[in-house]
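In what follows, chain A forms one complex with chain B and a second complex with chain C.
Let's look at the complex of A and B:
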């Protein structure tokens, strides 16, 4: 960070600093030439220097996030001693402000199995079939929308699955779900 | 033209003959044959056992297995059709009498029909078409301890694997639910069950 001190001196405003911290957080930021060029324009430095600055900010914000640094003192010690004090305070303040939404974003983007997005059900009554011409058998249809695992998270691609359950199957499933609930309350109670 | 309740089709003469040939069996033989027939109806996958029992019967009673098998094939039309049409004991007996089967044999057969009907109809319902039937559900839940972005986490997750029958093969569907989603899922399934229970 210390090598980029002179670039910071040229920052036109607090808002510019704030914007730069936010822009350098996403995972693609250090590689983005577009961001480097616009930053170079804002700070009146070369694109290469801007890129290095963005990378440094990116490393800093992710370090803070990973170790869950929540106190200003924890972040201030990361800066070199010769760093401009009010700039140091400003950056620390901005990082702390952004930590909660960044943390939520990291949590929702973490790898996982496809997420269940939506679920609905319907109970039908079967009244006839080729094997029995008159009957009254209830059956349950459950429709689930699941994130398509082959697509990028948040791209909105959903795959759909509809499942039919007989009464016995539904009872068995509820049995299983009930056991999960019981185990969850044991874990929560500890 | 025979007026039958178990079928609207015109039965071929050979089939009608087969029914009338039942009268040639004595009481004990007819009882055994009826038992073999209903054993097969109750466990339709046991085709080999059915044929084996028929061969045994043929041997014990001094007849050839081939004609006996054909006779049973014809006889099977009656319970299959009756099941489809939800026929009562009396209706089955009527049809047997119409086909020319003697009174006491018709009585015996229709009584056996009535006896086994609950199980047979449940079997038939079980064979009814189901689309994407849920065959199995496996689950596990755990706690996320850390990620590459966050050293310490501590979120509970639930993973479900649903095994779905698609035609002749099964397909696995994997998904993950957060705790609130799990509780919502459980709540909805309980509502579905309550709805189903209204109808039973």
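Let's look at the complex of A and C:
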């Protein structure tokens, strides 16, 4: 942690500190001059000092997240000994409060295959075709929306896939899904 | 008219993310599926995607509902 914490002596409300901890977390926060300038305004420090503060808080929050630190003692030791004690406690408390949502965010932003975003389905009855004039064959139509892997993650671009399943295919598929479910119970039990 | 392919195969994998650059200890399970789809000319295309466990449970439930409906039809 850097030694540039003299600017904290001028720190305003608890809310401002809370907001700063939240704003420093996202990737890109340490690089943002816009954030540095608005922080400089709030804390009455220079933009450069604000940028250093944001970078330090960013490093701290990500260190806590990476090592999954959950006890205040584990976080308090990370501060320089000369650090203002009640501010240290406040920042620690804020970091701990934010840990669960930050961890969930990290889990959902992991590198992965495109995610299934939406699925809907319909059961149809095939009553005739060009080759068979009368029949009653039930069939399933499934429409899935998947994140488009050719576009940037998080861009919201989706691609659609519609498939038809016969009863037989559906039964085989359910069989496979059932095995996944069984494996999940095995894994959960460990 | 939208072309609708026939689902011909489904492959699956249950994975456990161990660690990442953001979290040293993840222990996060996820399900990956690969669907093989045949179009009317017999050409096979494939789509793969991933689901969290919660999403998978929902996915499984929907397919069970489909099967239940098929029984009544």
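To be clear about the criterion, the second predicted complex is superposed on the first by the 179 of 190 C-alpha atoms of A that agree within 3 Å, B and C clash if a C-alpha of one lies under 4 Å from a C-alpha of the other, contacts with A are read in each partner's own complex, and residues count from 1 in each chain.
Keep this in mind: contacts are C-beta pairs under 8 Å (C-beta built on N, C-alpha and C of every residue); 3 or more make two chains touch, one makes a residue touch a chain.
The structure presented is a predicted model; accordingly, all values stated were derived computationally and were not measured.
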item: When chain B and chain C are modelled together on chain A, clash or fit; value: clash
item: First (chain B), second (chain C), both or neither touched by A:126; value: first
item: Contacts of A:169 with chain B and chain C, given as first, second, both or neither; value: both
item: Which of chain B and chain C A:134 touches, first, second, both or neither; value: first
item: Touched partner set for A:44, first chain B, second chain C, both or neither; value: neither
item: Partner chain in contact with A:59 - chain B first, chain C second, else both or neither; value: neither
item: Which of chain B and chain C A:104 touches, first, second, both or neither; value: neither
item: Contact residues common to both interfaces of chain A (with chain B and with chain C); value: 62, 65-68, 103, 106-107, 109-116, 119, 121, 123, 125, 138, 140, 142, 144, 146, 161-167, 169-174, 176-178, 180-181, 183-184, 187
item: Chain A-facing residues of chain C, complex; value: 2, 4-8, 10, 12, 14, 16-17, 20-26, 28-32, 35, 37, 47-53, 55-56, 59-60, 62-64, 66-67, 69-70, 73
item: Chain A - residues contacting chain C, complex; value: 62, 65-68, 103, 106-116, 119, 121, 123, 125, 138, 140-142, 144, 146-147, 161-167, 169-174, 176-181, 183-184, 187
item: Chain A residues touching chain B - in the complex, by the definition given at the top; value: 62, 65-68, 103, 106-107, 109-116, 119-121, 123, 125-126, 129-140, 142, 144, 146, 161-167, 169-174, 176-178, 180-181, 183-184, 187
item: Footprint of chain A on chain B - complex, ascending; value: 83-86, 121, 124-125, 127-134, 137, 139, 141, 144, 147, 149-153, 155-159, 162, 164, 173-179, 181-186, 188-193, 195-196, 199-200
